[in-house]
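To start, the structure itself, in structure tokens.
Think of it as A, B and C in the order they're written, each chain with its own count starting at 1.
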């Protein structure tokens, strides 16, 4: 009897050992980071800390830039998610031959192996006022000087930033949705829909794509989070105002005034709480939908 | 095949667990306060010295990796390792290390100046005073106010001067025949040539603003001494009013600024603007040779003056090899190392040595440094040199520039 | 039997012919832009200067590459260090992530999935500074182990989510079959999970390796600049140096990826091109 109990316990420990991984390798460092960030912002730690104070939080929250920066970051992240979702879903759903194309696979894999800062510099090389497109336009007589070329980078609508981040994240989403198509076997749903009287257009757009979005929503959430936290691309291709949150935050930790560092940690803590709260809401909502 | 793949993955995982930590060993304890130079240089022999410095310029990197590294190896049996890092990266690193109680760090020497020095002193993160221990200290021009004072703070031996530069305006002489010499002419020129001028949002741009701030504060020496809030407020109000006048005529209508001077150089090279700037008056020559700036680029300073400052090397309080750091610092201020970097094709950095303290042979070498073609000789520029004001001014300028110019509609 | 073959071969499903033509045309256009992009990088890296409105560098003389080889900047060493670290990070996180992803699918409570997402809601400053503090206290700062540990946090989280969300339901059926035939846990992994999941493993390993290979923030902060990764050598040029040196750095950073991905694409193509 005892050996059976021991065997059950051992099997149980082995089967649940993955939880140790999540706790030890993720939860613990994240919790540490959050607590350190909180302690620093409240003046409880740090070389120049003077003890408990909420002054840094007050200054961080009352600084007018916070609302603008958050709105701008959400706008860019949302735009990137829409662009990436649109293209990757189209490739996965419309391209039976594309899914088997080695050419596409190589391009996706190579692009996914390109660092964000390289994408940023390449975007500058192509789309900046003095970039390749502008030079081609000049040679064709369409513009007379680089200043006449339309602003695509460092522009009001952050088009360059959205383009750069989308290019960086597109391979990840496309590979994911291509794999999802194969794993779920969406063709049978398309054929079923056609057998029930749908046209090919309806089958793809009204049956397959919504199913893929639902099944792939976690990847879209990840894309949104990765876009939100993007740093190098908005730093080089965006404007100083409005800035994306990660750029603004990073610059505040690099400011000359050491006494402003706690404000940056306060903002970092707000960022973490807001994003993790949104994530929690999303996962709960998804579970409710799945249970229905 | 899957079995082999799994075995491979498992092996890799095990290897990672057995990976040994790579940490610099703490040096043998030599009492640096009482040791003489022979003892210090003997203790340093055979050591590896790590220097953290800005590594964004390939010429400076080549000077350090090829010339300095080989010379210190040959002369002192020191192995030099260069680590990239500067400014806030450096400050954050030491801030956290000291807060976490890390008594033995991994960096022996750091390239610093100005606000970085100010912040590291605040954190008590620097070892010193140490410059008196260096034999080549006797050649340093300590009477020069641009050397013995760093952003209005006495150096006090906590950092050793390494080079000396002056902020210069750079323009393309093929497009600009008469560059503006003062702020009034600059405003006039910018209005007549909209979209052809800007400055960066980084260190160089702020140095440009500091130079203008002196004008609004009352001229040369007006901002010397400790930070004065009332004086700053009065001068900065005029500065922001001036910049607001410039703003609609700046590149991209002043709605965005290049993030750093490298981007600004690229705009000049592309012909999007006609001006760039640099903290190093000698940079125009070596950047034109590298193809970063056009061949027709020229540099000058405003009649009202531009900021001149020195850059330094410091030793972190938790440096593991302080003896090796001292030996390296001493070599960096030797006449041969200073002369080597003075030539534009190597770096074009000004020397911190007093020429009248050098041997006649070295004195004449420094007086006839070849290759400076696109900018006036240094003694001419020094007549219009302004001291770096207190570091609080840099801090305030950065914050106020964001609030008053970037975020204003 | 694979679900997609129960209704006929995958090739028989085509939404409509005009979409295929548009998609093919789009693919070739994208490929042309892709090649142009690489071509521009190669050309810029071979020259000095790029004044407006020239399409080619001012002088195509190979100077950046000559300078690189002459300067003994340790590119080879940095590449090997980066390769070693990324291989280890990818291997560790793929093994752990696969194990965790499988476990997560069985778990009732979704709080574990929430934990897997947490690294991606940390802002860069928190990651850099707070993890540095932890690594100093654990004695991992400025060590290879520290860099591997920090990168594995993110790679492991990503791989876990990846396996959990892209799991092939056919694998679950095979697991039931193997268990039904009396197989133990080892048999389940050996005969049901790994044979079917290996393309997912390749993709996950590749993505984790990529993340580590291209990482700059963690290796510079946790590694203290002491760990000589390729990104540390090259990133300063990308932001600060000439457009020619930036192009050279870009090529050095992603050329090895290009080669390894061509190889990986053959592996994946064999999975998606035929039925298993």
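The criterion applied here is as follows: a residue touches a chain if its C-beta (ideal position, glycine included) is under 8 Å from a C-beta of that chain, and two chains touch if they have at least 3 such contacts.
Keep in mind it's a predicted model, so treat the numbers as computed, not measured.
The chain pair with the larger count of C-beta pairs in contact, out of A-B and A-C, is A-C. Each chain's centre was taken as the mean of its CA atoms, and the one lying most distant from subunit C is B.
Averaged Cα coordinates give subunit A a centre that lies 35 Å from the centre of subunit B. Each chain gets one centre point, the mean of its Cα atoms, and the points for subunit A and subunit C are 15 Å apart.
Annotation for subunit A: residues touching 2 or more other chains are 130, 146, 236, 253.
Those residues of subunit C in touch with two or more other chains are numbered 52-53, 129, 133, 235, 239, 243. Residue positions of subunit B touching 2 or more other chains: 89, 92, 99, 266, 269-272.
Residues of subunit B that touch subunit A in their complex: 87-89, 91-92, 95, 98-99, 115, 118-119, 122-124, 195, 201, 252, 255-257, 259, 263, 266-267, 269-272, 391, 394-395, 398-399, 402, 406-407. On subunit A, the positions that touch subunit C within their shared complex are 14-19, 21-23, 25-27, 29-30, 32-34, 36-37, 90-91, 93-107, 109-118, 121-122, 125-126, 130, 132, 134-136, 138-139, 146, 172, 175-176, 178-180, 182-185, 187-188, 190-191, 200-201, 203-204, 215-216, 218-219, 221-222, 225-226, 229, 231, 236, 245-246, 249-250, 252-253, 264-265, 267-269, 271-272, 275-276, 279-280, 283, 287.
Note for the complex: subunit C touches subunit B at residues 47-53, 57-59, 63, 67, 71-73, 87-88, 91-92, 94-95, 128-129, 132-133, 136-137, 139-146, 148, 190, 194-195, 198, 201, 205, 220-221, 224-227, 232, 235-237, 239-245.
Taken together, the subunit A residues at the contact with subunit B in this complex read 45-48, 64-65, 128-130, 145-147, 151, 154, 156, 235-236, 239-241, 253-258, 261. Against subunit C, the residues of subunit B that register as touching in their complex are 2-3, 5-6, 8-10, 12-13, 15-16, 19-23, 50, 52, 54-58, 61-62, 65-66, 81, 83-85, 89, 92-93, 96-97, 99-100, 102, 106-107, 260, 262, 266, 269-272, 290-292, 294.
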